[in-house]
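Have a look at these structures, which come just after this line.
One chain, chain A, appears in both complexes that follow, with chain B as partner in the first and chain C in the second.
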Partner chain A sequence: MYGDLGNKLIIEAKRTEQLTQRHIAASLNNEVNHNGSNNVTIPMYNDELVNNILKEVRQLKQNADYFKQVKQEQEEQQLLDGVGANPRNDKIRHCQNFVNLICLERNKRCLMAYQRMRSDMIDKLIWNGDIENNSSAGTGTGSKRYEYNELSHNEQEYMNQYKNLLDDLNSESELWSSVEIMGNMNPPSDIFIDIRVLKDIGEIQTEYGTFNLVKDSQFYVRQSDVERLIQQGYVQKI
Partner chain B sequence: MSLDIDDILAELDRDTTAVEMSSEGPKQPGNDSMDILNSSLDGTKTVANGRSTSLKPKIISPVEDFNKLVTLWKNERCSPELLPYPHQLMRRMLIRIEEQMEHLEILSMNFFEESTNGGSSANGKRNSNAPANNNKMLPLLCMEAELERVKFVIRSYIRCRLSKVDKYSIYLRQINEQFLTEELEEDDMDNENRISPLETLMSSEEIQYHQRHFSLLLNLLNESVLKYMSDDLQAINDTEGSVNMVDEPDWNKFVFVKVIGPPTGENDFDPLLIHKLDPERYYYSITIPETNEDIELIIGSIYIVRYNLIKDLLKDDKIELI
Partner chain C sequence: MYYGIKDYGKVYNEIVSAAASPSSCHLCIFVSCLNIDALCATKMLSILFKKQLVQLQIVPIFGYAELKWHYDQIRENSTMNSIILVGFGGFIDIESFLNIDPQEFVIEDDEENTKDNNEARYSRNFYILDAHRPWNLDNLFGTTMIKCLDDGSVEEDSLNNVKNAYQQLLLLEGNGDNESDLSSSDEESETDGEVTDDDENEDVYININNKRANPDGKNEVKELSTLSKKQRKKQIHQYETVLEDYYSQGTTLVNSISSQVYSLLSTVGETNLQQLWLTVLGATSLDTEYTAIYQRIFPILQDEVKRLSPSDSNASSVGQTSALKNADTLALELQPDYYLFLLRYSSLYDSFYYSNYVNAKLSLWNENGKKRLHKMFARMGIPLNVAKESWIYMDNSIKRQLPTILDRNLDKYGLQDILRDGFVKTFGYRGMISASEFVEALNALLEVGQTVPAEGSSPNNTNGEDNAADIEDEENTNGNENKLVRKKWVSNFWLSWDALDNNKIDILKRGIEHAKYLQRCIFDTGVTVLEKKLIKHLRIYRLCVLQDGPDLALYENPLTLLRLGNWLIECCSETEEKQLLPLVLASLNERTETYLVAGLSPRYPRGLDIATVKKPILNNFSMAFQQIAEQTGAQVRIDNFESSIIEVQREDLSPFLEKLTLSGLL
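Then we have the complex of A and B:
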């Protein structure tokens, strides 16, 4: 039936949203593992379902054209015959046309909602700084590109452009960069924190001296110095 | 010569509770350790007082600015709509943050030099164990903590605004388009002096963000959905179809408000404020249209009301959201 596929898509979107919310709630409750970024995971783009809905849309469009044609023919016929419109036929035609139109509109809304939900998730992903550690960064021309298998081609494009947009604004705006707009959204409590190094990084230079960050070692460092490393998953707050 | 930690803490306690700003700015740090301590303590005083410092006292004190910022931050987080952007305040905050960062850098450089030269730690890699245990570090740490907090408030404030910009992006565009069409119709000479509503509502960064993000999003939707639709279903801001497609702020959202009265504190000069005796009280009167009921918003009290009723009072800073 028309609209069933749209329903399926919306149910999937809703489920994703709920899962993400639960994920965030869980990571908030579980303070131990909480290191600032709650990893948002995007499910696979449902290519098949979307394509089927688009097929349905094409079908509906053809129907609409057909109804229009029938209407025209009937009107011409009526003109030729010189008889008034048949109210019963009229009603049926109207009804068919209306249902058809509603289905079209509904499918459009479902697709738009699905896409919007995914783009919102992509936004969140970028703001959390998750994309750098989860994606295989391919080297494109000029700026760095991020590849995600879960995203459709258009979404990839969107993600890269949005990332560029934020980078641009960040470097242009003094205010944004001085308050570290992409920074941690938890209220700061301690300046110094204990960290454990998860991957070899090498030496980093801070105001308080140089640290040689070797895997599995622990340090007591200033939080703002290692904020980026925490976001990128190189070190862990303990 | 060493200072007792309790002294420093007591000093800090006093400072955070003090309201007025100390007129004396931090001294230039010298070479000797006592000097550095003094100057960093002075610095702490200004930070603790104002949460941000300016080296010279200004007409608008940092304390006021910080309090204002916190109020704006709370309002923004509680209100359903995007509130006007405080252009001047943010400019001042930025200057202060930068000054304070520079100041801190100088202080810590001197401190660092002094401690390495003084031989309190033989190798240069001190502090990797426990810098906070060091008494002399404490004022510096407090200043840094304060700076981090100010930065957090601003960060949180801007992020909150950006999320609203995203949420209502079509709605905001419509406000702008409405304005532009009015502009065309009026066609006056002094048109150039008029600023668009978006410019007062948002900072230049936010406007840019809004426009560019919107075009990206539109592009995405066009490519993946809209281009498959028939011509009459291409719109994304259709308000006449079955369901309104434009997300508007929920004007009827219930909010908690605290009535604070006119910002100047002069109750008698506010025309909206009603003064009644027996018992003596100052209040704003608002009417709930559905029930035709009048409410007295008495200064100093807390109410739960629908947002659209108190929108104007909020914009005049006469109430704040909590």
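Then we have the complex of A and C:
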């Protein structure tokens, strides 16, 4: 039946939303990684379902075109015959057309809701600074492209542009220059934290000194010094 | 230089004040990664320094080559001004091994400082926390940059004699250098251990020998120069013999490092139950190999437990306190403990069966022994099927009476020592664990890490899944592979580290499972060794070489090899006539074509040791191994901090052992 597919899509979106909420709640309770890096994972873009819905929409469009055509033909016929419109026939046609339109409209709303949910998640990802975390290549290369397998092509485009927008805001705008708008909103509970180094990084410069981050060593250092490294996944907070 | 126990507070203040500026990391702790005692000690130190908000870096290290590499990483880092070595380093001359020039780090004294002391002050200090003896005398007396935390053995022993000899020698030779090089040939011929290291493709020299430099006392030179050359030569010779005697007396462990750290804690007044528990673990880990140390420390720990435990339970008896436990109880108690294998986590039967101690006493590895064990259970009135039930579900009445039952029956079998006092920690409702069980679990975690290698799997799989991809690429190069295995041991260190936390009990449980698995493997291998009579009796030692068997890959890890060695040596000490022979245990690593060789000192049978032992048995292998390696030119790598464990190339093993037999060094 028309609209079933749209329903499916909405159910999926709803489920994703609930999952993320539960995830956030869990990580808040856990306290372990409560510092913003509760990895929001975007589920795979449901290409097949979206395509099927689009197919359905196309079908509905054809229907609509057909009704239009029938209506025109009838009106022409009526003009030729000089007979007034049959009110009963008219009503049926109206009804058909109306239901068809509603289906069309509904599918559109479903698609948009789905897309909205996803774009919200992408926004959240970017604001949390989790982007570099999962990006497969682009971090060091300078070109600011973040590859996400879960996202559709358009979504990736959106994400990149959104990210660039934020970066611009962050760096250029004088109003924000003294505020790190991408920073973590939760106040840190400890100034010093234990971290364990996951990858060999070598020497890094901090505000006051240098660290040599060698794999499999553990540090007790200022959280602010290593915040970035935690986000990038080089070190792990214990 | 060295500090006695009463000066620990001074050392602590020195470190803390050196690291006082909160801006950067000033303190680095290098810790020997296959050593539970060192693990606990480091954990204690880190908790202590954390309280002072001292930023620190902890680096677990496998062997000397790695120490060098890691030190090179921080060599240029000028902010790193205190370096603590935990569990190793007492044996080598740190300054020359790491190519450190103390002059680089000297701080020009301000006027006010010179009033207090005329010692040079350094911008980088080394603190050595190591219970291995003998000390390297250069660390003790030769330099003020290296600071050894001593437990009193320097002062109370006859070390004064050695110290004197060392200082005289310095003077004499400092003088001699100006005139002639008469002693230079002597220097070379001494006990330098040359070590080739195929990891780094560079030679690492572990110089046990003392270096002769920096003559300090210029004023004394004058009077000495009046001595004739001949006299001086004689003196030099005399002093050198003293030093050589000191170095070659054999190595041993004299204390538990964690208990040393605990002394530090009590001087600065930071003792608490958590720290005490770590101390208990560290001390308990020495129980199997160095029983005497444990028995010496035990009463002290006992008093501390009584002192620190909440005192509100003094009205109620022991039984009631355990009934009072709630979800958050993290109490430490003194309870009768059994010298059995993981009793609380397996069945009574299994814990008897797999216990090293019972095995040695009853020789369980043969059929007669097994019968004897069954008969023993019958005598005790415990049906076998009950004994084989898991301890948790076993009949409660038996559990309650067990101490009396054991007390009454075990004398006949010479097992009276099974029952003794031990430390038991309660984790709220999550269970209880005794210190010895905890140590077993930690040991297993250090040995195998996250997952037990599947039986019959190829050695590659044992390296852990996360490295599997890398291994396939680098399969051809042994060096790399060795490195990966070691990397894994290092990450195992952190796993055990985490297991020490109160809320990580799941890791601990995994460790217990691993421990059971490993003990079974040891038992199987041990039985094979004894049944096939693989232990050969040579004139001065026993030899056992493992060349095949299903669990061979396990013995790549020195800890597992030692576990097997302890099992065997405990068996040997009970069963045979000539009791006090050391054991050389070698196991083949097929991938690298090397043997891992461990030398274990003999042990008195348990129970006997308190009564009759006058002096501890020293392990002579480290010296012997070094000398033989030099003489035969065998491809030997001495990298392990436990200097009686070495790696020998496959084809070099038999000439090596031959020489060892003939040398008479043991």
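The working rule: the second predicted complex is superposed on the first by the 222 of 238 C-alpha atoms of A that agree within 3 Å, B and C clash if a C-alpha of one lies under 4 Å from a C-alpha of the other, contacts with A are read in each partner's own complex, and residues count from 1 in each chain.
As a convention for this text, a contact is a pair of C-beta atoms (placed from the backbone, for glycine too) under 8 Å apart; a residue touches a chain by one contact, two chains touch by 3 or more.
Predicted, not measured: the structure shown is a model, and the values here were computed from it.
In the superposition on chain A, A:Arg196 makes contact with chain C only, while chain B stays out of contact range. By the touch criterion defined above, A:Arg58 lies against chain B but remains apart from chain C after alignment on the C-alpha atoms of chain A. Of the two partner chains placed around the shared chain by superposition, chain C is the only one that A:Val214 touches, whereas chain B remains out of contact. Set against each other, chain B and chain C touch different numbers of residues in chain A, with B touching more. In the superposition on chain A, A:Ala25 makes contact with neither chain B nor chain C. Overlaid on A, the two complexes show chain B and chain C touching the same residues of chain A, namely 191-192, 207-211, 219-222.
Per the touch definition, chain A reaches chain B in the complex via residues 50, 54, 57-58, 61, 64, 102, 104-105, 108-109, 111-112, 115-116, 119-120, 123, 127, 152, 154-155, 157-158, 161-162, 165, 169, 172-176, 178-181, 183, 185, 187-188, 190-192, 207-211, 219-224.
Chain A makes touch with chain C in their complex at residues 191-192, 196, 203, 206-212, 214-222, 238. Residues 90, 93-94, 97-98, 101, 105, 108, 112, 124-132, 141, 144-145, 148-149, 151-152, 154-156, 158-159, 166, 203, 205, 208-209, 212-213, 216-217, 219-221, 223-226, 228-230, 233, 236, 241-243 of chain B touch chain A in their complex.
Residues of chain C touching chain A in their complex: 21-25, 46, 49-50, 53-60, 70, 73-74, 77, 79, 487, 490-491, 493-494, 497-498.
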